[in-house]
Amino acid sequence: MPEITYRQALRQALRYQLQHDERVFLMGEDIGAYGGSYAVTKGFLEEFGERRVKDTPISESVVVGAGIGAAMAGLKPMVELMTINFSLLAIDQIVNNASKLYYMSNGQINVPIVIRMAGGAGSQLGAQHSQSLESWYAHVPGLKVVVPATPYDAKGLLMTAFDDQNPVIFIEHTALYTSKGDVPEEPYRLPFGKAEIFREGTDVTLIGYSGSLHQAARAAEQLALEGISCEVLNLRTLRPLDTEAILASVRKTNRAIVVEDDWEFGGFGGEIAAIIQEWAFDDLDAPVLRCSGADVPMPYNGALEQAALPQEADIIRMVRGMV
Amino acid sequence: MPEITYRQALRQALRYQLQHDERVFLMGEDIGAYGGSYAVTKGFLEEFGERRVKDTPISESVVVGAGIGAAMAGLKPMVELMTINFSLLAIDQIVNNASKLYYMSNGQINVPIVIRMAGGAGSQLGAQHSQSLESWYAHVPGLKVVVPATPYDAKGLLMTAFDDQNPVIFIEHTALYTSKGDVPEEPYRLPFGKAEIFREGTDVTLIGYSGSLHQAARAAEQLALEGISCEVLNLRTLRPLDTEAILASVRKTNRAIVVEDDWEFGGFGGEIAAIIQEWAFDDLDAPVLRCSGADVPMPYNGALEQAALPQEADIIRMVRGMV
Amino acid sequence: MTSITQHDAPRGASDGPPDRVALLRTMMLIRRFEEKCAEMYAKGRIKGFLHLYIGQEAVATGAIAALRPDDYIVSHYREHGHALARGLEPRRIMAELYGRATGVSGGRGGSMHLFDREKSFMGGYAIVAGHMPLACGLALAEQYKGSDRVAVNFFGDGAVNEGEFHEALNLAAVWKLPVVFIVENNLYGMGTAIRRVSAVEEIYKRAQAYGIHAEQVDGMNVVAVRDAVARLSKRARAGDGPVFLEALCYRFRGHSMADAEFYRSKDEVERWRTLDPIKQLQHALTADGVIDAARIAALQAEVDEIARDAAQFAEESPAPPIESLHRFVYKEAADA
Amino acid sequence: MTSITQHDAPRGASDGPPDRVALLRTMMLIRRFEEKCAEMYAKGRIKGFLHLYIGQEAVATGAIAALRPDDYIVSHYREHGHALARGLEPRRIMAELYGRATGVSGGRGGSMHLFDREKSFMGGYAIVAGHMPLACGLALAEQYKGSDRVAVNFFGDGAVNEGEFHEALNLAAVWKLPVVFIVENNLYGMGTAIRRVSAVEEIYKRAQAYGIHAEQVDGMNVVAVRDAVARLSKRARAGDGPVFLEALCYRFRGHSMADAEFYRSKDEVERWRTLDPIKQLQHALTADGVIDAARIAALQAEVDEIARDAAQFAEESPAPPIESLHRFVYKEAADA
């Protein structure tokens, strides 16, 4: 299997869709002439033309809303929102229209749209450009929320997103675009709602997704040297969530830590902890812990930013305190 | 103490502020000539004039943003957003500006704004008008989130909101405006971050806020007849959260159920469960449970809507299964 | 490669603009149907918010009469008139207001969320201006498919100050989308008079600022509305880009059933009632000798019966089963 | 009853528009300062996004020279020029770009978020158009207090299609808010040419659609900008409501340091470089015999030194202590 980047993996899925399904078209700010703010769609305008690859005005709300409308009419739009921070300007369309139409219309109208955006922090972009709001989208019935952690995930999950009949919020991580991994050249699909056992272990379950999976995995490597065996789970999708895989792992290890970039209070880690203690109460030898972002707007200074994000060392400390 | 409604209690606090602090003014859609969509500001335009009570265009984003700007300049605006559903159109202003300015400016600029909105469901307003998104706001550092359950809470917490130096999201419940309770005529303030023991008990702790407090309280009454003693907590504010009060109660009862109108998955109940299992792990005799709204967009039909909301009977069933 | 297939209603052109009597009948039906709604709301048979269209019947009736049956309609929460004019079954609309399984939205939508995909009626929406981007998207899809369907978007004067109004008009203009924007300027957004909140009161001029062809029409005159929409939709259908129509009208009832109407005078309401679009057309047709009192009475009897029957149908219809609560949250590959 | 107190900078009127040499010096300072920023970004001393203002110096310099020192300034993420023109210390701006405790925002803001309340510089913002409502609010507050301060709002051509642009212009017009809107039309929003995304390319005409007095000016001519802003801000200050100025300009560098500039031709950039606002003014002043090559060299040496010193100050400044991570999330009653 060729080794390619997360960015290239996303490009392969998008090109495949553009080549094989005329209902698919892409819309977004600077995805064409500029090549995409994270270069995911670079060259697509030249290759597929303006009908399939549309540069839009800086108007998040109407761009997402128009994507929803086009999906209502039977097309399969992919809207790129640059970053999750800007999605707040389109969130009314996502929550009040996209997520509710199939239900409100009693099954008459569904909305097969894929909305891509980059989340996460770590490159000193400041408070307004460094948020991880996936927990908000994961809260909304009617949406599906996808959080790929590797190039293999990125291609396989994006392929699946286009097969889905519902609105899919596809959240990439700004720090992962250049990360590399083995990815099959032929198209393949990874199911939503199925987590991956990224690393097998017996003492503690570390639950991560997107960027945080890698901190968890690195911590697990370190801890292995100390003879502590961590099982690392890669969630892949937050909604649907693979509760079975989480519980199966915790029943084995009896301990769990959720790792997430996002603010802890009211975040997704709380949901996972709540589920584990509800369904694996008697299997737990210790409370489920969360290694999350600090409860602050993201500071620009590099050292402060790192201090505000979960670090390998934090996870290691927590695990040591647990076993 | 005179018995007045939740609406009247809110009116008393607003009138007091308008009378005693010239920096305070009110802005919002139809708060003036129309009298307020929930009649909270009825008569204020006539009493205080257009300078203090401003009817705005239907432009949530600029109305909230202008409130933030006015607060930056030293005034104390109260912006009414009618319902939490419409706040999605202003959420970029709340999250990217109001909650971050004090931090980004290194303490130079704070934002003392009060943003009122009605949340909750139960009157068959359909999917786009029946959401409870308080968990989203509670997730954001820099904001304070207030959820009054009684007329006494409503007046005392709104008074405190105007003393606060930070952005306060004040969420009322559509079903409570006509509820009655004893409220002192003179001004008083209730601290943020202090929960109320609404009812003392020994067997199970029922945690509620805003509308859900009352289902919890009614369930507690029923259960008392069966000899099951429930302690009922009224959170009053979600951020800051009175973790101490929650833990103190659970250490006594060893069991807890969170009652909330909102969707369970990724909601605030998960945060409370996560906190309890983390800090009172050895005190728990059973997992913390959540009695929440169903994971669906709100249906219009009355029976379906009630089925989608937590009911007294659901709480009672859960408690019975727990003790 | 999967190529594009049409999903919706049959394409056939509409059989020409209906005659004035047909227009009168539709307006009378809307009027009577909503009077019945008000009656049933008072009786507690209909719940939630109910926004009556009474007074504005000429806009929906004239506009939709000028469209093809497969042209998309996207409306707001005051949409009973648009739904009836498009030909949704009165029985199923009333059943929806009752929250019954037989309703056009299976009782899940309610008054503010009527849907009928078969009739290209793409919904009523309750977030002011939140539906405007959807109309752009439907139009974009038809442009993309190479069809000549247009998307017609009804909204109120209050929607004009929302950011989405601006974003939608700009996008439609830049991409030459076949959207027919129709603003029903009834002078108030809830209790707020347009002059108090809009920098420019003539809404059609705002559309012109985007280079969009925009006109104003007497929204109390159904024939004038029909002719304007026929003319304008032709441009949009021909690929000349979006068009915009401001219909000057008035709602005779409150904003919703809860409205105490502090913000406007009885006189003002009375003055507008003299312009009642139904009375106007009845007089004109009578003057022209097209119809007489007897014919009007017959029409009245006909629509009375439809409204009565609709209410009875709704009363006798079953509620959606509680077990259906979790249906239609997600569409599975299985569900065709 | 608590009555209103003024919080901000002293009110005194500005000491008249500075002479052309002062304008030249400011533009040269901005240019040199940003060249130093680019140098230090390349060296990895500055991180995150860096958006250079090079080419647009005449707009910030001319506009702010025409204002009172206590007039509010609200800018976007391309705001180094506005900050320097308003007189924020070069040392503390550079320190902010370095993320140091001595920075104008204590190292928490970075290039996109410069703040200096003492100088009524109310910030740089990174959400396109998200700062426009704030300018309306600051202006509203001054109108409410009865002061004659104005709020000046800088933004780009790309912001014009956001809903908040529309909502802000309408509110400012309806409430006659003392806002001076200044759009720096540099023809591109990132890589997107305005003609491809805006229905109407002449942005000032869009403002006129709200009944706002709007003009267009040569944004490469600092004197023209200064005079236009002096004239327009006078109207806003007098209570005649908002004003709008479109400054036609061009950015010589990429959108940010990452931009490969696929979307525009070298020729186009070269053509605009011949209109360099600094060269233009240097020629004019030399032709008028106001300055000579020696004076220009002296000015250059002066700004070189300021830029060098700023970088040195930043290099030598301490980082904010890690323990300060949780400071300033909430303001407590204690914090004055």
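Per-chain residue numbering starts at 1, and chain names A, B, C and D are given in the order in which the chains are listed.
Rule of thumb we're sticking to: a residue touches a chain if its C-beta (ideal position, glycine included) is under 8 Å from a C-beta of that chain, and two chains touch if they have at least 3 such contacts.
The shown structure was predicted, so the numbers you read here are calculated from the model rather than taken from an experiment.
*Asks:* Which chain's mean C-alpha position is the greatest distance from chain A's?
*Replies:* Centroid comparison gives C as the farthest chain from chain A.
*Asks:* More contacting C-beta pairs: A-C or A-D?
*Replies:* It is A-C, judged by the count of C-beta pairs in contact.
*Asks:* Just the number, please: Cα centre separation of chain A and chain D in whole Å.
*Replies:* Roughly 36 Å, centre to centre.
*Asks:* Averaged over CA atoms, how far is the centre of chain A from the centre of chain C? Could you give it in whole Å?
*Replies:* 40
*Asks:* How far is the middle of chain A from the middle of chain B, if each middle is the mean of its Cα atoms, in Å?
*Replies:* Result: the chain centres lie 30 Å from each other.
*Asks:* Approximately how many whole Å separate the CA-defined centres of chain C and chain D?
*Replies:* For chain C versus chain D, the centre distance works out to 46 Å.
*Asks:* For chain C, which residues are shared contacts with two or more other chains?
*Replies:* 105, 107-109, 113, 125, 127, 130, 161-164, 167, 170, 174, 196-198, 329
*Asks:* Mind pulling the chain B residues that touch 2 or more other chains?
*Replies:* Residues 56-57, 59, 61-62, 85, 89, 92, 96, 103-104, 126-128, 141-142, 295-297, 299 of chain B each touch two or more of the other chains.
*Asks:* Which residues of chain D touch chain B in their complex?
*Replies:* 1-8, 72, 74, 103-109, 113, 115-117, 122-123, 125, 127, 130-142, 144-145, 151, 163-164, 167-168, 170-171, 174-175, 327-333, 335
*Asks:* Quick one: in the complex, what on chain C touches chain B?
*Replies:* Touch list, chain C to chain B: 47-49, 99-100, 105, 107-110, 112-113, 125-130, 158-159, 161-163, 189-193, 196-198, 259-260, 262-263, 319-320, 322, 324-326, 329.
*Asks:* Under the stated contact criterion, what part of chain B meets chain D in this complex?
*Replies:* Interface residues on chain B, with respect to chain D: 19-23, 25, 51, 54, 56-57, 59, 61-75, 77, 92-93, 96-97, 101-110, 141-142, 144, 163, 165-166.
*Asks:* For chain C, which residues count as touching chain D in their complex?
*Replies:* Those in contact with chain D are residues 161-167, 169-170, 173-174, 196-200, 205-206, 208-212.
*Asks:* Considering only the defined contacts, which chain B positions touch chain C in the complex?
*Replies:* Result: residues 29-30, 33-35, 37, 55-62, 85-86, 89, 123-129, 294-297, 299-304, 307-308 of chain B touch chain C.
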